[in-house]
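Note that chain A is present in both complexes that follow, paired respectively with chain B and with chain C.
This part shows the complex of A and B:
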């Protein structure tokens, strides 16, 4: 099963909301994933163990993480959600 | 009437673990949810609170004797443990007057939007706890429901206006348009950062210093991992308490566990409250169909900026050091070290990305938080104990609730002599509102010109 890491400022509030929405969106596309949450500060340490990292908000990949990073802002603002879901599906390969 | 009153009293007596699910279920039903869905939300929130209680009680039991020993051995008076904003938020949600406070905050937003006095639409119900905690504490101290509700309303007003006024900066610096960040944990720093930056701009020499800290993440990255941080802090405290190596390690593992478990429990809270947020979103989108507004988001969306992260990584060890050496501070920074990013994101934006300045201003912001935390710990501990958490005499604080400078000031206004404080508040707010609103309208016009 593919693994998705959702990262937000705290690893608690925003990432929980986005995690639920990502799980639902991918389920609709028939893709089952394991979704976990963490803080943005922890992405360099944890990101390598996942197939895609979804960040809620700005994230500068200063540590050159190889895992694809997708911005999940659309799940919060409601704008352009479909395009973001497609991006995640593409990144999952 | 008597029946409702008796029912409410019975509910209060049954404790927070019964009250929380019931209140959430009732709120859900009022918003039109089906009973099973509403109850599921309520139960999830209740479970989250049970989880928080388990972890916090464990933390207090472990750290209590250690911090006492630290005082005896080194006179290191760090006997107030920072349990983190998540635990405090849970306590806020477990307060008996929370539905009233949430409704007040929501109404303030709707009224301000209708009057076109704000552009921020904030249905991020979870984050209402930052505003509500002031109401909860004021109610505890004054036992006056009207004053408590008023304090929450004032917090809401200030939050929405500050979030309007900082949104041009958020767009310019963080690159996220059409949103605002009505999260007090993010906004409160402006009270210190804005004047300090103004002063620093005018000190010759200092205003030109800038630092390149690109390597910071490589060397300081470990401070960003809360598990490691918790373990290291636990071992250090164990050492200072003159524990045996085994006992210090034991403390380290337990504290690392707290760093991991509290967020997971808080996350259950958020999950339970999500349907309520969605119902609020539906209500407002029907009512404000053609308005263009700023979507109120959790400030978590801007703390991934590399300059914010770098500044935070430097400030984490510095804050721990400051806590030890600042005279009069009794707060032991712990669970909230990870959210220093929130406290300084706005500082970094105001400093236009200058890391040196951000660190300087960040130190002042954190010092203010440590002192306010020390001062408000007795009230906070008492309120938390009332909801059923058991600290066995250990005092608690966090970097959130009324440790935050702005919340602290508003709290002080409403627990002191209102005849004196309220007129001062009105005058200060009036003056700031006049100038800030003017600058805001100008910034919006300038942004729109730029887009055209």
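This part shows the complex of A and C:
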């Protein structure tokens, strides 16, 4: 099963919301995923174990993580949601 | 349904603030005075806003969603402050950019990864057409509470 990592500042609030929304959106597309949450600080260490990382909050990929990183802001603001879902689906391959 | 999401005593209109720190501190102080958060929350929430800003660019009316660690919270609370005039917050997804924020939704959560329903309701409210406009146009607390009762 594909794995998605959701990261936000504290790893507790916005990532919880986004995790739920991502799971729902992918389910609608018939894609089942394992979704986990973490803080943005933890992405360099954990990101490699996932197929895509979805962030709320800016993430500078200074460690050159190879895992695709998608901004999940659309799930909070509602702007560009469909495009974001497509981006995630594409990243999952 | 709605009254579970927020407490009437935590909704404030016409909040005066000249900076995002002021706005965040003021709302946090209201929650503290009601015993809902610990004293440490007051400083930590401002620090957190500086580290990981919560300004959201939503469209015509923008919001901020300040929140911080669960250890500093006594009681799960949603604090809502409608600002008298918009104040600049840094954007969550682009911290070097500023956005004019008119409403603060302060989450005081007692558990990590929980409160999904409350978070979902708030973001649905934020995204729902006309909700923020109705909230910011309300000229009395009763009118604002009515908007929240219906839409949140």
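Worth pointing out:
The working rule: the second predicted complex is superposed on the first by the 93 of 93 C-alpha atoms of A that agree within 3 Å, B and C clash if a C-alpha of one lies under 4 Å from a C-alpha of the other, contacts with A are read in each partner's own complex, and residues count from 1 in each chain.
Just so we're on the same page, a contact is a pair of C-beta atoms (placed from the backbone, for glycine too) under 8 Å apart; a residue touches a chain by one contact, two chains touch by 3 or more.
Everything numeric here is computed off the predicted structure, so don't read it as measured data.
Annotation: superposed three-chain arrangement on chain A; chain B versus chain C shows a clash.
Applying the stated contact rule after C-alpha superposition, one finds that A:42 touches chain B and leaves chain C untouched. Looking at the shared chain after the overlay, A:7 reaches chain B, while chain C stays out of its contact range. Of the two partner chains placed by the overlay, chain B and chain C both lie in contact with A:16. Residue contacts after overlaying the shared chain place A:56 against chain B and chain C alike.
Once the two structures are superposed, chain B and chain C can be ranked by residues of chain A touched, with B on top. When the two complexes are overlaid on their common chain A, residue A:77 makes contact with chain B and with chain C alike. None of the stretches 221-229, 293-301, 311-319 or 419-427 of chain B clash with chain C in the superposition except 293-301. Residues 8-14, 16-17, 20, 37, 40, 56-58, 73, 76-78 of chain A contact both chain B in one complex and chain C in the other. Those residues of chain A that touch chain B in the shared complex are 7-17, 20, 37, 39-42, 44-45, 55-60, 62-63, 73, 76-78.
Across the complex, chain A meets chain C through its residues 8-14, 16-17, 20, 37, 40, 56-58, 71, 73, 75-79. Interface of chain C with chain A (complex): residues 48, 51-52, 56-59, 65, 67-70, 92-95, 107, 109, 112-116, 119-120, 123, 126-127.
The touching residues of chain B, counted against chain A in their complex, run 86, 126-127, 174-176, 178-179, 214, 217-218, 221, 224-226, 263, 266-267, 270-271, 274, 277, 295, 297-306, 309, 312-313, 338-339, 341-342.
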